[in-house]
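As written, the chain order gives the labels A, B, C and D, with residue 1 at the start of each chain.
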Amino acid sequence: MVRFAVIGCGRIGRMHARNIKAHPRADVTVVQDVATTAAEETAAAVGARVARTAEEVLADPAVDALFIASSTDTHVDLIAAGAKAGKPVLCEKPIDLDMGRVEACWAEIAPLNPLVMIGFNRRFDPSFKAVRDRIQAGEIGRLEQVVITSRDPAPPPAAYVKRSGGLFRDMTIHDFDMARYLAGDIVEVQAMGANLIDPAIGAEGDIDAAMIVLRAASGALVHINNSRRSVYGYDQRVEAFGSEGMLQAGNRRATTVEAWGAARTAAQDPVLDFFIERYREAYLAEIDHFVDCVETGATPLSSFREGREAQRLAEAAIRSLETGAIVRVSDVAVR
Amino acid sequence: MVRFAVIGCGRIGRMHARNIKAHPRADVTVVQDVATTAAEETAAAVGARVARTAEEVLADPAVDALFIASSTDTHVDLIAAGAKAGKPVLCEKPIDLDMGRVEACWAEIAPLNPLVMIGFNRRFDPSFKAVRDRIQAGEIGRLEQVVITSRDPAPPPAAYVKRSGGLFRDMTIHDFDMARYLAGDIVEVQAMGANLIDPAIGAEGDIDAAMIVLRAASGALVHINNSRRSVYGYDQRVEAFGSEGMLQAGNRRATTVEAWGAARTAAQDPVLDFFIERYREAYLAEIDHFVDCVETGATPLSSFREGREAQRLAEAAIRSLETGAIVRVSDVAVR
Amino acid sequence: MVRFAVIGCGRIGRMHARNIKAHPRADVTVVQDVATTAAEETAAAVGARVARTAEEVLADPAVDALFIASSTDTHVDLIAAGAKAGKPVLCEKPIDLDMGRVEACWAEIAPLNPLVMIGFNRRFDPSFKAVRDRIQAGEIGRLEQVVITSRDPAPPPAAYVKRSGGLFRDMTIHDFDMARYLAGDIVEVQAMGANLIDPAIGAEGDIDAAMIVLRAASGALVHINNSRRSVYGYDQRVEAFGSEGMLQAGNRRATTVEAWGAARTAAQDPVLDFFIERYREAYLAEIDHFVDCVETGATPLSSFREGREAQRLAEAAIRSLETGAIVRVSDVAVR
Amino acid sequence: MVRFAVIGCGRIGRMHARNIKAHPRADVTVVQDVATTAAEETAAAVGARVARTAEEVLADPAVDALFIASSTDTHVDLIAAGAKAGKPVLCEKPIDLDMGRVEACWAEIAPLNPLVMIGFNRRFDPSFKAVRDRIQAGEIGRLEQVVITSRDPAPPPAAYVKRSGGLFRDMTIHDFDMARYLAGDIVEVQAMGANLIDPAIGAEGDIDAAMIVLRAASGALVHINNSRRSVYGYDQRVEAFGSEGMLQAGNRRATTVEAWGAARTAAQDPVLDFFIERYREAYLAEIDHFVDCVETGATPLSSFREGREAQRLAEAAIRSLETGAIVRVSDVAVR
């Protein structure tokens, strides 16, 4: 039984706490949040106790592993503290908005060879995982191109965009990781963006629609299209084209019902919306994978390195957007 | 070049005349209709001349084959006359509403071993034909069950129903033939029907909705569901279940467009409506098959026998509807 | 918190115990099974204690409700005992294989006005429930026809068929209930069946393929097709045809992946197989509905009456199969 | 009746000759090709006579309009000659591989206000046309993004690539036109390409896989992905994303058949392959549109301007590929 501490009891932290509780080989021992009420409600919901500080959590011998769902600015310190305390860490993305701090964190903890997993939930979606597994099994021959469609249902408040680091750092980062998940390391990034949806986002200096092309080290090309608005639901799809075939993974709906009428036929439900519904199975599988890694010492499918590399692609995309030119990923300074 | 006479220049006759004209190895030499204007218009459209009577057509040495699209009550006489004149005949269904006349016609012409094809257009639909061919190639193992969905867009005038012989004889007859096309000879028929749509049809003593179950000599079971109304278009589908798999053939639409919006996703066009649009390719293939048969002497995929057997199933279904019991097809008297 | 006793700890009982445990307002207090090991394992899995006998369970004041998943021959006695003890009962189908015992049970407990729910899981499937709700909301106008496709992945051992009462009583019963769920009370039944798959089933006097047509009191016609074998997975679909449209609910798969290759395109996974996977969400919703009923006193969507009426349709179908004639449901004697 | 001369009797010229012949208000009077046999065969197939030279064609008063399907290097001269002779011209793309010659041609004929249509067949595909019409009718609100998937079944011989001007000029040109068809004028082009499929194509200095992003004057972003190989058939799709919804147009198949088996379900046919099959209806509609324009004097949906602008995007893409930077379309010099 892996005994978790959940640090951060916002919406996503609470969801993970419930998922950990439901796992047959995991439990939530303790929860912590600067907002005491959130911590208490979460503790009650999963039968855990409340710790007042992260330090208290880290010192607790009854805590085997940390789930970090607190605010982004706390991540690197908590990851480092967990690593030093010898406690495996599963941390929500991003590691930090500042690539320098990300690199510094890794420099500090790498010698400890810690178990750190970043919460790229989409890697655990049954359909996206099947696409990856089937590519790797050779079903479509050599992978040549990938198209990633990733469109949020509705734009966040402009204030959030300011805090989050913007479209590429808070939203596309999942797609950059998906690109690496399917096509491996990326060497070049080209980005085009626009502010088409919410002028307030533009006023914050950010875009809300983007089209990006990546070149992988393998030679494969990858396209990502993003929008902050999708009225038909959370649009999450991938297509992988290979020398011997193509694989698609599509959206999910609440039912299989199709309606046929005088005006239209085979009309289906809007697609599942938003991430908690769309990726319900993925979040469960993510916990399961982390528990496996804790038990066996295996390297997670989404380690610290994946978190860092996805962020580096976000930085490269921002630079491409500014310059209108292809950016080589190796030119995005690290150290 | 097979030179056709087209007898009967109503909507369906005109369509066939144009299709024959478009065939690379066929042409329309002469057309005939009791309605002179219809004959003249059709003749002008395909560059044929007008004959005043069927007798004139039959005597014409420049006519290699007959297409009979005149009213049902003229069919048996024209088939017989064509057979005696040594001219291959392609005749619209039904052969006759009276099974006795159908049998008598066959008794008269069988010794001539004539080439007579009945216009069961659905046998030539690329999708239904592919299902049949793939069943026969063994793709789904032994055929065990078939479901035929066949629903017209809108009910005909009640007056038509009276004249046509009713639902089973004018509409289901295509499905009875489809059952035989996919599952072979039928030995038992069970029918249930209702007047759900148009009370005027009920007033004529007919039904406008039906569900039928057939047992084939092979042991396979076949279901047919019919309706005189389908607001989403002409619904024409089959499913064939076998020991090793299942094949479906579905509806056709004018475009592949899918619409995704806030209320529904992946909504497609209404299905093609009505038979001239839905079975456009089938009608062309039907002519092509008949021309092949004329050229090679091969037996048509839908010979006189198919026309007779489908009608016999209609008679059996009528009897089952009246008695509420299974009817053995062999009990539908044939002399 | 509704505290359940689970009686019967076979595969299905254990699944329900886990589902009850996972429900936020329910718990499993006690489990019981004549097989002590099964009871102990289930108890351990959900943190319940083991009762040695059903009597012990019934006497336990810490038990608010019974889940009956024991063998069919124990159902009526346990239902009656639960009713007398004032404990709401959720019982797996069938109530009993003998309609006389079913009726006697009801005669005994009806005066107590008990809360008895029968486990027709499909009523709680999100897709089938959506079809029903949308029919009742008038989306397709007047309901005219229903097609129910229900095909098990693989035939059971012939010995099971003997014990279970045969195809109509053990498998089609779910479809009879679905017919009533969508189209209301049924007045006529016509059945055709065959032994196409496993000769051992035929040797037991049963069929393994069936096609049935029902007439509802509303006038609607319903078709059911059944097979004991479906190599592409557990095939569970409905189509509901109305005066203003049609609704379909289809199969479910583990992923949304489609494969496109040289031989075929858009190929999807086999469908979910078997009921525990296919109806996972339905089983959870079933428990939720029962808990609601216990809390509010509402009548379950699948009460004792639904269990009895579905069985009556099975009896009618058996009689139709024997006689080849339509059977009026009112003629299936109930006393 | 519009009387056509067809100049160029290769595979595509012959197809168009047949399509013109089949049009109710058009005919082929004369055909011409430097290869006499091809001309004679085409003439025989459509009942036309053979002209020995283009000059003979242009001088023929019985010729109302020209269909130019001869080799690319003859296009501008024939277009200009047709314009001067007052004969409407429908010319296969491209106008010329040299943008300077394209511009010079237009400078020469523009004062004549000629009727010149370029054969961008995809504009007449029923599905793509429906997407455009529905966008323009406002169905998806403001158009924000477009994804064009365009993948040929198999790479051409490397020698062809040399002659054709390369991927962007011979293949992507259709997609550049589709981008303009759906999103209007384009202002910026970003391209990434690779030689992933046939090394012989790389040896000729060309690419065989590409991903392109365009920015429209309207603000919309457009992605194009191209490949010279698609083993599952000719992959031709568009997705148009707007503020109020999304429209997709997909591939076409020969049948609607789906196969369900133990290994996979709902598997469909490979998609139609190649352009003559895939765009059969589009080619017919293209002729119909041109005949309409000849009759009414309307400006074609794909005029000389569309031909020139699509080529300009190809030039811009080539420059972006060379420099790795966004290219402004207005910087692609036109005089």
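Just so it is clear, contacts are C-beta pairs under 8 Å (C-beta built on N, C-alpha and C of every residue); 3 or more make two chains touch, one makes a residue touch a chain.
Protein identities per chain, from UniProt: A, B, C, D = Inositol 2-dehydrogenase.
This one's a predicted model, so the numbers in the text were calculated from it and none came from an experiment.
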item: Comparison of A-B and B-D (more C-beta pairs in contact); value: B-D
item: From the options A-B, A-C or A-D, the pair that copies C-D, where over half of the contact pairs coincide; value: A-B
item: Whole-Å gap separating chain B and chain D, where each centre is the average of the chain's CA atoms; value: 40
item: Computed distance of Cα centres, chain B from chain A, in Å; value: 58
item: Residues of chain C touching at least two other chains; value: 231-232, 244-246, 251, 259-262
item: Residue numbers on chain B that touch chain A, as the complex places them; value: 231-233, 251, 253, 259-271
item: Complex contacts: residues of chain C adjacent to chain A; value: 22, 126-127, 130-131, 134, 139-140, 244-252, 254-262
item: Parts of chain B lying in touch with chain C, wherever the complex brings them together; value: 142, 144-145, 147, 149, 151, 188, 190, 192-194, 196-197, 209-213, 215, 219-223, 225, 227, 229-232, 235, 239, 241, 243-246, 323-326
